[in-house]
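Going by the order they are written in, the chains are A, B, C and D; count residues from 1 in each one.
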Amino acid sequence: MKVTVWNENQHEKSIPKVCELYPGGIHAYIAGFLKADDVEVRTATLDDEECGLTDEVLRDTDVLIWWGHMAHNRVPDEIVERVKSYVLSGMGLVVLHSGHHSKIFKALMGTTCNLKWRDDARERVWTVAPNHPIAAGIPESFVLEPEEMYGEPFGIPEPQETVFMGWFNGGEVFRSGCTWVRGNGKIFYFQPGHETNPSFRNEHVQRIIKNGVRWACPVNKNIPLVCPHVEPVENV
Amino acid sequence: MKVTVWNENQHEKSIPKVCELYPGGIHAYIAGFLKADDVEVRTATLDDEECGLTDEVLRDTDVLIWWGHMAHNRVPDEIVERVKSYVLSGMGLVVLHSGHHSKIFKALMGTTCNLKWRDDARERVWTVAPNHPIAAGIPESFVLEPEEMYGEPFGIPEPQETVFMGWFNGGEVFRSGCTWVRGNGKIFYFQPGHETNPSFRNEHVQRIIKNGVRWACPVNKNIPLVCPHVEPVENV
Amino acid sequence: MKVTVWNENQHEKSIPKVCELYPGGIHAYIAGFLKADDVEVRTATLDDEECGLTDEVLRDTDVLIWWGHMAHNRVPDEIVERVKSYVLSGMGLVVLHSGHHSKIFKALMGTTCNLKWRDDARERVWTVAPNHPIAAGIPESFVLEPEEMYGEPFGIPEPQETVFMGWFNGGEVFRSGCTWVRGNGKIFYFQPGHETNPSFRNEHVQRIIKNGVRWACPVNKNIPLVCPHVEPVENV
Amino acid sequence: MKVTVWNENQHEKSIPKVCELYPGGIHAYIAGFLKADDVEVRTATLDDEECGLTDEVLRDTDVLIWWGHMAHNRVPDEIVERVKSYVLSGMGLVVLHSGHHSKIFKALMGTTCNLKWRDDARERVWTVAPNHPIAAGIPESFVLEPEEMYGEPFGIPEPQETVFMGWFNGGEVFRSGCTWVRGNGKIFYFQPGHETNPSFRNEHVQRIIKNGVRWACPVNKNIPLVCPHVEPVENV
């Protein structure tokens, strides 16, 4: 299984805390714990040519992980259309945290993906679907502190499956782990992962991302997308 | 629109607090605020003949509201099958609070409807689908205290629509307002409503129940349920 | 209730059959039978200024009906974004036939909306959810001939509700009537309606479109779309 | 992976055609082609003690396949409750053809599971979700003739995923392959498989059943089903 980890990699340049927590950047850190899971990983960032998301890379990617925040707008629409096409053709997509407002996630959902937010909250993640493959090895609940609060209403289509829900000490709740299918591709959104919080260092978060990647891995990818005129197959 | 409010009416006999809060019993109280909404209401309880759920009553009911707790087991299976039949034939069903473990709700869901629970919690109900008809006139969140905590994982099938979610001060979260369709009937489950808590006196809870009843009201009811042998309609 | 009927109105200019079947164009014809249902209707077409879909018009529209085919690409992206915004803010959307490939439907679905197709088929539409409001007054099945065959696989997200399915004499099947919710808006797609076929003159098709419009009518429209930073509402 | 194939095994006793097509009975035949797929298979029938569905057998079963027709009523309610419990605890369930009216399938769906029917039809099965694991290796469509027509409306809850749809020469359509999740268990219903038709000998049908079994195989099974009182995990 081949995974591409995309991170806009902008905060890393100006907020020292991010690289203290995640040496090499969020993308490098995530790639690191994925590799330990026997997965072939490459990384790509906003500043790479074509955002590192060339046809060559995408054609060879089973699952794309996406982290973005301050630079959603700087991902060219052409690249977003290309990524969307590959998802609809089979490539899996795992969207993390502030990626809720990425062009690619919003394009696949068809909604605003809006929410309420506040930094420095205490979160308790609950496992709502304990026998879902993405919840394999995850306890009934676990704490992330500090983490950025994301609160309902979350502007998403009703999930195909709600796997995790979040409780926040300021009174909010959130559908923190949700799945959808779009075309031939599977999509998993997971809410934790603010750039200056240590959630990606949490063993359960790491396990969920690994599980999510395996879950999103397609049977086939690069399936042609066609809208053909056809002759009858029955004679009536 | 004709509504039947069913309550097992057992706690009312032994816990004075219930009738202090809800004079005449939970069923009478709910019927009271529904009548103010220009709805034709009748009540029925466990101790009535056939639990008050005769074919005559059910045939004439657009929406059935169900509250039960300590006596789920005492509702005869035959009555449950009858009620289920009417729901599948079009009658709407609004299930409140501890009704999650009623035979009728479990039969229509096909699942355990299990959850975690604890008395005397502070709950904040969040409106997750603000433009849903059941959320009409409901604020973005409101507090119920004290109310009984119901916590995930909630043993339900993925809802067709999640309308409300609950936050509890002990750290739990819950899908507090959910809809499903079963056959020709619409079902709304709403979590608040412990017998010794004042939630049914809360203006938002009352509005939600009224909205839920209107939402669940069918186009047609008493639709025959058949599995017919048929002749071809096309000649191939 | 206020409805806007949008039709690209291009075939009408070059294919005489279209205006023979639908005097004034598809939009005028549909508006005609909607008005008979006591609905306030306006029409808009591609050649109008801003496609007739100004903020003023959209703000005042409860449900937008969309028919397009040969000119999807000529609807400016800016107009599509605007319409999408109004749907997510509450405006209902009914998409007819070749509108499956409209920019607006594809944007709200997040998928290709691809299918197989062939002209001059015999179709039998089956009512799969007979007690759904959109199926009110519709028989268990009815024939449309000739109609354009649309065949699975249909590149849509799993519908929230499948209301109609189509059988075609060439051996194909299709999910011909489907609903989704996107943000605050409700969406109904209905497959029949090829420009040179008489389906819009069929009493059942007319009833379905009327029902669909009523179903898609929102509780509220023009709901602001925000992603706010918020202060805690609980003190933990 | 361990599979138990349950067949009521009644037609086999009185209709010679069944054992001509399926030597040893439908259960033995299905077990045969599953074993060729490197799966540990056992069979069980109505006439076995406890229908062959003892706690010992079910505890050791990853996926149960169910075929029944003329003897649904003779499966004791106690056994049905037991099987339901194991599904909700994680055991996968694949229901074939006339099993749509089995007590276990109806109990898990909560609906009538009614349909229209007629023998000796020509069916074309369409693959609606080509990249679904259950559709692996299945062509875009294939013919089964003769097969028993099952026609909409099909009295099921909206599927989580529609994988296959059927076209019948008499004009009917059907959602022929559908998935749901109930509790910790995954359920796949597949429509072909009339006892005197050769569909189980069809290579695509065999592949679909094999795929379905693999898809339904749980991460964990025998998960305890509890509804516990809990202490707070947060201090508010």
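Throughout what follows, contacts are C-beta pairs under 8 Å (C-beta built on N, C-alpha and C of every residue); 3 or more make two chains touch, one makes a residue touch a chain.
Here the structure is a predicted model, which is why all the values come from computation and not from measurement.
Undergrad: What is the set of chains touching both chain A and chain B?
TA: Touches both chain A and chain B: C, D.
Undergrad: Between A-C and C-D, name the chain pair that shares the greater number of C-beta pairs in contact.
TA: A-C
Undergrad: Centroid from C-alpha atoms only, then distance chain A to chain C, rounded to Å. What do you get?
TA: 31
Undergrad: Using mean CA coordinates as chain centres, what's the gap between chain C and chain D in Å?
TA: Spacing between the chain centres: roughly 36 Å.
Undergrad: Any chance you could list the residues of chain A touching two or more other chains?
TA: 124, 129-130, 141, 151, 158, 160-161, 167, 169, 171-172, 181, 183, 233-234, 236
Undergrad: Per the contact definition, I'd like the list of chain C residues that touch chain A in the complex.
TA: Of all residues in chain C, those touching chain A are 84, 88, 101, 107-112, 114-118, 122, 151, 155, 157-158, 160, 169-172, 180-183, 225-234, 236.
Undergrad: Which positions of chain C touch chain D when the two form their complex?
TA: Those residues of chain C that touch chain D are 124, 126-130, 140-141, 151-154, 158-162, 165-168, 171-173, 175, 234-236.
Undergrad: Going by the contact rule set out above, which residues of chain C touch chain B in the complex?
TA: 90, 124, 129-133, 136, 141, 160-161, 167, 169, 181, 183-185, 218-220, 223, 233-234, 236
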